[in-house]
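Labels run A, B, C and D following the written order; every chain starts at residue 1.
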Amino acid sequence: DQPLVVIAGPCQLESSEHALMIATEMAQACAAAGAGFIFKGSFDKANRTSLSGKRGLGIEAGLQVMADVKSKVGCPVITDVHLPDQCAPVAEVVDVLQIPAFLCRQTDLLLAAGNTGAAINVKKGQFLSPWEMPNVLEKVSSTGNKRVMACERGTSFGYNTLVADMRGLPQMAATGHPVIMDATHSVQQPGGQGGSTGGQREFAPLMARCAVSTGIAGVFIETHEDPDSAPSDGPNMIPLDRMGALLESLMAFDRLAKSDPFRL
Amino acid sequence: DQPLVVIAGPCQLESSEHALMIATEMAQACAAAGAGFIFKGSFDKANRTSLSGKRGLGIEAGLQVMADVKSKVGCPVITDVHLPDQCAPVAEVVDVLQIPAFLCRQTDLLLAAGNTGAAINVKKGQFLSPWEMPNVLEKVSSTGNKRVMACERGTSFGYNTLVADMRGLPQMAATGHPVIMDATHSVQQPGGQGGSTGGQREFAPLMARCAVSTGIAGVFIETHEDPDSAPSDGPNMIPLDRMGALLESLMAFDRLAKSDPFRL
Amino acid sequence: DQPLVVIAGPCQLESSEHALMIATEMAQACAAAGAGFIFKGSFDKANRTSLSGKRGLGIEAGLQVMADVKSKVGCPVITDVHLPDQCAPVAEVVDVLQIPAFLCRQTDLLLAAGNTGAAINVKKGQFLSPWEMPNVLEKVSSTGNKRVMACERGTSFGYNTLVADMRGLPQMAATGHPVIMDATHSVQQPGGQGGSTGGQREFAPLMARCAVSTGIAGVFIETHEDPDSAPSDGPNMIPLDRMGALLESLMAFDRLAKSDPFRL
Amino acid sequence: DQPLVVIAGPCQLESSEHALMIATEMAQACAAAGAGFIFKGSFDKANRTSLSGKRGLGIEAGLQVMADVKSKVGCPVITDVHLPDQCAPVAEVVDVLQIPAFLCRQTDLLLAAGNTGAAINVKKGQFLSPWEMPNVLEKVSSTGNKRVMACERGTSFGYNTLVADMRGLPQMAATGHPVIMDATHSVQQPGGQGGSTGGQREFAPLMARCAVSTGIAGVFIETHEDPDSAPSDGPNMIPLDRMGALLESLMAFDRLAKSDPFRL
């Protein structure tokens, strides 16, 4: 088992300077803690709660930021795609394509992503059981692309609330695909602030710790130097200056879990 | 208040002959019962549970079927769109564009649909509370297109189960937009049959009756002459030969409800 | 099919004068609307959210109030029991014993209630599926007492929220036992106000109407002349002066539903 | 922080020999692993799914078994109480009284339990949010008895399914009371086998591991030498011969978690 991979970055890309600042800091923190690192940032928030939410830099400027991060920080990068015809151009720059949770059943998007040959991270829909994910992952791997990851980000639990069912992690791992825990989106409160989504940032480290204790491949954590001023997902992002200590803690649980694997 | 509108047809379009047969029978049944009628059929099942599920006729053949129904039966038609660039060509043929539930937060799709000027029926996501729908509808109406309907089709309730919360109907109606109850999808059991979705067809008439009793604008009911042989959604579709009696019953509840409107 | 029975009264008994006032008004309203009537009141709120909530008159004073209502208004009465040894003394005065939802699986309470020979109304637990109720009802009817009713009062739906699944009504009716819809408790928001339970009084008539449209035997509606000053359940009780119009409306739906019964 | 306490034993007491066998083996395993140990067994299954489920030894014989375990194994013992007047006699023998989840809001039972002066373990109801537990615990501690524990055992998640929300553990711990994770009941499938409750025994170790990683005070695990032949809860109990290895594993996570406490 490989050490934990940390997928981290801001919810949305803001500028090259901003991305480089976060990527540099996270790369150092991950290296210090012994974790792998993939820089995450979105070029388009395509499904904001309301029309007034900021969409982001757009695909062209966003990919330029990603290219800058890759060349200057030297880490792999991940971003989400929303339409089939975005997959090919995005994959020219980006190492991992991410399928958003709401779109995890859109066959054409999954096929187009798989066909790029890039690694694919599929977020499990908030409306999906763990045992529906093998069919989802199979859509990608039917293209011959076997580098597919499954990502837990919480399941609908009444209105405006998600719950993370830890049983889903080994169920998805039983497919043989790496499993990622999205610790910051699983504490979202969708629509919980009327025109925007709320969150419980204080529980994200707990979600990460519990999931890492089961021996998963990676965690996904959004972070920002000033979450309350971020253009999206501020309520659930973790302050950047807290990430170093969090990673040190998670790596201790990762080492223990991987020395004592949980198997179904 | 207008009499109930019935949106009905097969889950997926199979052929012109098939569509004409169902549309003819439904148009007669609706006329006999005093209901409005819109013929529904999908040209692409874009989010099947698994890759092995049939996708359908495709956009070109599907639109031809819809054009045949319009010219020969004389009723308006509705179909669902999955990508922004499908909206304009579909709206050249089809009267109402439907936004699938999984896609109800995809801003570009809502804007593209709204910009066609066609009427729009937005299915409420299984992951959404009723009070998040005003933001969704506003995305469409921001285009200047005010002909937008909100459609209940059930909310995630644990794994593989949906529940229809009748409180959502007047909450959505409070936006001033017509509200539709999707009686057959709200009894789906998503992923409930492993590689496909199950359903509880026997409860669809109940869902319709309860919703109509609240005074909604319309019901959405998928129907097929032989549901168990249909290429998709067989477990929840209502047999075509049961629709006449069901409509008679629903119209009695519709008349009573509209003579005694429920208001929040 | 008999006309709808209305079980109504205040959440907790306050005094004979208060109970007589409500029972008299409700008896007249039910008679005018053509509904049956059973007066409801609790002598002990045995499971308040917090210790500071008022418990009520207690068993002795409460049963005296019930006896007064029976003799002066002439209607049958119902109250809830919390311990097996309360059943026999309560049944000496009261016509129908009610099993609280949290206690619906407590075998000894169900047996003791059944053994009194009184009619029994079992509230379905918020944690129970409709198909678990036959086992619950069988505990009562194993005593030889077949006068058992099943009552829907909402199911847990995330935290602090209940949802009423209308499918449960015909499923419970398939046991052959009368089914009651508790319209005011199914819109509770348990613990939703921190130290007490909130509620959405505005949706209780909707819950009642939808349920009555399925052809059930009765509705349970708590009412008070001044809900916001009531010692418990104020947020979900319906003002007494609204009950007459509500009953007229419900009886129209009841007549229609019973002329056109929904059967599974 | 003290090392993890393990509350373990069979779902229901069967005989002194059986209880002594399990208690002896568990006491050795806990001592070897460095965990505390409390022997658990029920004298009455008071809320079986159906009437045909075995109830157990009854209070008199059950307390004799508990007295035997205490004198011969020398460990503290815990059992559940169902009625207020059981509390005093049970507390004469038993060290910890447990309040069943369905009964966690029954004020008189909580007060009677508190008044015994015994330690009290309150199971959180399947219908309760974590933030409703302070009011529940306060009912007990209002008696002056501050030795109260809060126990997570899963929350209703649709029908026939529970989900364990790990966020509840630190929320309950913020009351200052010890928090216990019931690893075997939180994987129950209530009513999932028609006339009895199903379970996912294979996930109980995962539930325990995740919870222990958050730094809780104890775990509750039901165990039996032959779960599939046990008179109740077989589907979720852990085989006795697996407990030693499980405890060794849990203690490693306990040590790590307590060296790096998660705090809200």
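Criterion: a residue touches a chain if its C-beta (ideal position, glycine included) is under 8 Å from a C-beta of that chain, and two chains touch if they have at least 3 such contacts.
Source: prediction; values computed, not measured.
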Hey, which one of A-B, B-D or B-C is the same interface as A-D, over half the contact pairs lining up?
B-C
Contact-pair count is greater, between B-C and A-C, for B-C
Cα centroid separation, chain C vs chain D, in Å, comes to 33
Separation of chain A from chain C, taking each centre as the mean of its C-alpha atoms, in whole Å
48
Distance-wise, how many Å sit between the C-alpha centres of chain B and chain C, to the nearest whole number?
36
Please list all residues of chain B that touch 2 or more other chains.
155, 157, 159-160, 163
Touching residues (chain side chain A, partner chain C) in the complex:
157-161, 163
Report the residues of chain D in contact with chain A in the complex, numbered from low to high.
155, 157, 163-167, 169-170, 187, 200, 202-203, 205-207, 209-211, 213-214, 249, 252-253, 256, 260, 262, 264
Of all residues in chain D, those that touch chain C in their complex
46-51, 55, 82-84, 102-103, 105-108, 125-129, 131-132, 135, 138-139, 142, 155-156, 159-160, 190-191, 194-195
